[in-house]
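Shared between the two complexes below is chain A, which has chain B as its partner in the first and chain C in the second.
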Partner chain A sequence: MSFHPKMAYDATFQKSARPLEDEGPAFVYTPANRARFDEIVRRYPPDRRRSAVLPALYLAQQQQGYITANAIRHVAGLVGITRAEVEDVVSFYTMFYTKPVGTFVLQVCRTLSCALNGAERVTEELSAKIGIPPGQTDPSGTFTLLEVECLGACDRAPVVMVNDAWHENVKPGDAARLVDDLRSRGEAALSGCHHVIEQKR
Partner chain B sequence: MEPLLTRYVREPNAFTLDFYLRHQGYEGFRKALAMTPDEVIEAVKASGLRGRGGAGFPTGMKWQFVDKKSPNPKYIACNADESEPGTFKDHLLMERNPHLLIEGCAIGCYAIGAKIAYIYVRGEFLHVQEVLERAIAEAYARGFLGRNVLGSGFDCDVYVHRGAGAYEAGEETALLESLEGKRAQPRNKPPFPAVVGLYNCPTAVNNVETLSNVPLILLNGAEWFAGLGPEKNGGPKLYCVSGHVRRPGVYEASMKITLRELIEGHAGGVREGRTLKAVIPGGSSVPCLLPDQLDTQASFDGIQKAGSLLGSAGIVVLDDTTCMVWLAENLLHFYRHESCGKCTPCREGTDWLHKILRRIEGGGGQLRDLDLLSSISGNVAGKTLCAFGDAAVTPVLTTLKHFRHEYEAHIREGRCTLPAPWRATRALEGVH
Partner chain C sequence: MPTLTIDGRQIDSPDGSTVIQAAETLGIFIPRYCYHPGLSIAGNCRICLIEVEKNPKLQIACNTPVADGMVVHTSSVKADEGRRAVLEFLLANHPLDCPVCDQSGECDLQNFYMNFGLYDPRFREQKIKKKKAVAVGPHVMLDQERCILCSRCVRFTDEISKTGEFGIFNRGDRAEVGLYPGQQLDNPYSGNVVDICPVGALTDRDFRFKARVWYLSSAPTVCNGCAQGCNVDVHYVLDRPHLNDGARILRVKPRYNADVNQWWMCDEGRYGFGWIDKGRLTKVRRQGAGATWEQAVAGITEELTKVGERDPERGTCLRLGVIASPQLTNEELFLIREIFQRALGARVTASVPMPAGNSDNFLIRADKNPNTHGAALIGLTDATAPDAAAIVAETLEGQLDALWVFGYDLTKLVADEDLQRLSRSLRLFVFSGTNDNPTAGCSHWALPTAAYLEKEGTFVNAHGRVQRIGRAFPPLSDSREDWRVLLEIAGRLNLGFAWRSPEEIFQALARSVTPFAGLTYERIGLHGASLMTDASVAEVAVT
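Then we have the complex of A and B:
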């Protein structure tokens, strides 16, 4: 029901509506990830292991590409909370994927400063080049295209984050080339942020 | 004013401990360790340092409110969740001058009696996290962190905690919730974090730029610091200028500077052939100012007098190609997406506002929608646990106030009356 005749509560209204997590294959950390987790959990008081849930989920996502129900179960056991409590966290934060994503996840910043400098056009060009609308993964599983909110690099707008690396000052005309460059050179095709640029020198 | 916080950011290797030590690095911390914790707090109070995260609350007072008599451990939580649209100063500071922040955290811990500082970095800043982790390891190796720091008997640990994509985690109590491994949703206040904070222990939550100013105060004195800016607005300030300007970037200045000097001087003004339409002076959550207000002093008090807020000093410059209905729609898309969902007025209201704005922008609006926008805004502002609700309705109210004629033109003509070449050529509907 809506108090305004033109404001139907449509399918997009329930922001939290998402498919149940994929059970996925059996999941345990690799020995290296388990060691990393044990190191991270020591940063928090012994009775506050729950604080390590975000880092633990990052490790799971790194290992498997996305978060499955089995990964949630494993993390819940390690940090000592229920599976529902872990799922509560997974469903809140945007950086956890509950479905498989492409090799390259292209995240175009769509918020004001990037938009003022052509981010909407960048998304259009990327979408046309890859052949998918934002929010989807191409059939080959190479690219996922997402629009995201402010990335905090407004002076180098528009910014595209590819997986965890940044590509700055993207002109709409260069967007198609970025796709080709990623195919041929992988993440080496990205400009990175200032700090990374300096280290490459 | 000579840059202080960003003086060496363009130098190669400015982020290393060796470089930092060659430029008076950790000298402020040494001075602090020779003082009592209360003397450190007094010095910060006397300097007049105000929080750089947005609220401008005096840092020394915040530290003084930390309940020292509590038998529980105390904590510093450094807010490095820089997510306010138009803000990117902390990013630069952490990326290029991480030891300044680590030194600030260590001094803060000493002052309030804490042993642990957590730096909550937003998830998208993985490269920043790597720089910080490396710098922290260097500091441990040289005895600036760890057990018995510099032989003083004081123990101090600094850890980086990575967020996972939530604007709301920048709100202090939501940040603490997130640090505890929960959804980033705000708590009711009071009690304030200074009394009941992280793990229910007394906690000081400070912004990156705020803590980075602390070593300067210890090094050069409170009076010197206060004298850098106008009264009650002391110290250096980082301004983030972005949008329709020739040279977007982070500019450091005394708060005596005016918006005109920042926008037309430092940032080079709007592009060739364009004119200035409006300025958002403190991140997307504050009201916009008009071109005739450019001579406003860019201080906390100066901008407040002009009817807006300095906020996080994210100055977004808009030229005459900007449709203000589109701008409100763009920002409400942001707020709708980022509303944490805890308080009903904000969760529902931002969605309604966005839907109405999108309808007007698309040409399907009616005049009565404008009253509806005001009415919904009035039912969100001030009716939520945190300041998000007030922030979210600000883009709507400020554009309605100053640019109502643009809304009316959209409704009258049934289309966007100011399309720009930098915008999408067709309607995009992203999935979030």
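Then we have the complex of A and C:
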């Protein structure tokens, strides 16, 4: 007799151990988004079509707010790559959300420059003010608090990115005011210097 | 063609080739994890660092194109330092399971650490925990902690099997290889990812925990699973019967052959070796009772000498039918032709009905016999000659008096009662084969013969390539090679054959069958030799 037990070869034993959290509602692009997707894909040479996966995922996230398994299936089919390849990308980049997020997503940089300038305190203050730990969304669905790596504005550390806009020099002690501002004035509360450069205000 | 210098030796290397390839032609091995000659270049593991003069930083050999005048040092102090640092990072989160890891002994993490390792590790932090022993498919087990994220397996499923199951999810130290949820690694080539995984992250469920690899012996041969004839190495153990319930073969690995299978093989061939150690015929049997080879050879030849004589009762000649098999080697089929067809005038065929199997346009062929083309060349599958069904029908009608069946199970053609009737009506009914089956049970003489791994010989694959099968180990128990049995019978029949080995039989075959002309065992070598043009393959193509 062999010393070793035989391995069970049943089907249940072979399932992937990493289920996606949400199949989500059925997903297809709206006609408008589909048209934008077609336009985006035309910018890539046919043998580089797979590179369109990033903008395609952004579109899906714009449409639905977050990326579900159904959205992954739809994007994979349109771009012509496997679902595993799409999930590669989704799980790599922090800007893709796999759960619903709030109206304002606050991303606090925790990399070196920001950390040295008190980013950790900023996170703590935001967390206390909104009443949720990092990684969560408040019950009203207004704020999601996340910690992320370098946002590329290290000279103006600490940086908090609110949706697509930087909010720079958020000194510890200031952070709570940012939340109040956002509550009362919405997007208009943002003060990042790229607003000046890009003449957004 | 650029000329460069690697470790003080000059070499011309084709445009577009890389330093790792140029070094390889010089016989200089540069360590690698992510680089695999059969896959696209990823350049992510950094173990192949080399020093290129006039270049301040170390370069990766696998993705540095050769350039004229380049001066490369593959094992300078600086390059070794670089590799040491790479290994330190790779091991930062590695579980060091070596004592219980199947890869141990053939693991490139171990191997390269022996050369470049730090030996006195500085890592004091907690390691990241990931999933262990995840059965990702029917054949493959994944250990995410051992994975070094070289992405070879991902590129294999993308580029070779084109099934795209694997992906690398998450990032940084949380990155892990895995499948898309709900999927399985269940494609016809899944076993190859185990071969190319440089560490113990992907292991073979069939081989898992059966033996430490340093106990394995290896023999080069050719897979007999279909007409492609993939080159393989068979790994076996003879002196440790407790390891695998006494079975000798533990696993089969593809052997590189640029013209046949490159680095790959299919799962059917890889895991289909069970019959060689299980269900074998081990003893000569006469009407179900034990007998010796001497009795068998004497008894059978005595009947065979009567073939062609007049049967006084019926007034007709005694006639013999032979159902040979495209599982036999060219040497054996040639002997069958010489003895039975030419000397005894028997009805001989090697066309046996086999349902066409699955196939694809990569390796897997629908013809599941390894030597259909050889049999055709030797002239045993002639469209004008009878096939197995015709011979069985003739026997049932009483036109044949003696029948020799090589390996084939007649119950695939006739009902059990007919087989019994056939057995009773025959004067001589010989079955020779490797495994027991109902035909063996009904035969007058059941002769245990050697499996293909237990004998020397050649097959011709679907592309007209002659390939040698090597003898890995001696025939099981009392079984004998078919060629040996046939030679003994030829000797008793005084046919005057002077051949003593498959090699000598092959020489005679090469003299007699034109497409084999000029070939010898030496010329066929380990990688086979092409014998025919495509046109001549088409001519003898078997449906």
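Rule of thumb we're sticking to: the second predicted complex is superposed on the first by the 174 of 201 C-alpha atoms of A that agree within 3 Å, B and C clash if a C-alpha of one lies under 4 Å from a C-alpha of the other, contacts with A are read in each partner's own complex, and residues count from 1 in each chain.
To be clear about the criterion, a residue touches a chain if its C-beta (ideal position, glycine included) is under 8 Å from a C-beta of that chain, and two chains touch if they have at least 3 such contacts.
This one's a predicted model, so the numbers in the text were calculated from it and none came from an experiment.
K.L.:
May I ask you to decide whether A:50 touches chain B, chain C, both, or neither, giving the answer as first, second, both or neither?
P.N.:
After superposition on chain A, A:50 lies in contact with chain B alone.
K.L.:
Check whether A:87 is in contact with chain B, with chain C, with both or with neither, and answer first, second, both or neither.
P.N.:
second
K.L.:
Name the contact category of A:184: first (chain B only), second (chain C only), both, or neither.
P.N.:
After superposing on A, A:184 lies clear of both chain B and chain C.
K.L.:
For A:135, is the partner it touches chain B (first), chain C (second), both, or none of the two (neither)?
P.N.:
It touches chain B, and chain C stays clear.
K.L.:
Does the superposition put A:69 against chain B (first), chain C (second), both, or neither?
P.N.:
So A:69 only meets chain C here.
K.L.:
Is chain A touched at more residues by chain B or by chain C?
P.N.:
B
K.L.:
So in the superposed three-chain picture, is A:113 touching just chain B, just chain C, both, or none of them (first/second/both/neither)?
P.N.:
A:113 contacts chain B only, not chain C.
K.L.:
After overlaying the two complexes on chain A, where does the chain B footprint on chain A coincide with the chain C footprint?
P.N.:
4, 7, 13, 15-16, 81, 85, 88, 92
K.L.:
Residues of chain A touching chain B in their complex?
P.N.:
4, 6-7, 13, 15-16, 43, 45, 48, 50-55, 57-58, 79, 81, 85, 88-89, 92-96, 110-113, 115-118, 120-121, 123-124, 127, 133-136, 146-157, 161, 164-166, 192-196, 198, 201
K.L.:
For chain A, which residues count as touching chain C in their complex?
P.N.:
Residues 1-4, 7, 9, 13-20, 69, 81-85, 87-88, 91-92.
K.L.:
What residues on chain C touch chain A, complex-wise?
P.N.:
So the residues of chain C touching chain A come out as 131, 134-138, 158, 164-171, 176, 178-184, 186, 205, 208-210, 242-245.
K.L.:
Going by the contact rule set out above, which residues of chain B touch chain A in the complex?
P.N.:
12, 15, 73, 82-88, 91-92, 95-96, 118, 122-128, 131, 157, 159, 161-167, 178-184, 199, 240-244, 248-250, 280, 284, 314, 316, 318, 322, 327, 330-331, 333-334, 337-338, 340-341, 351-352, 355-356, 359, 364, 372, 422-426, 428-432
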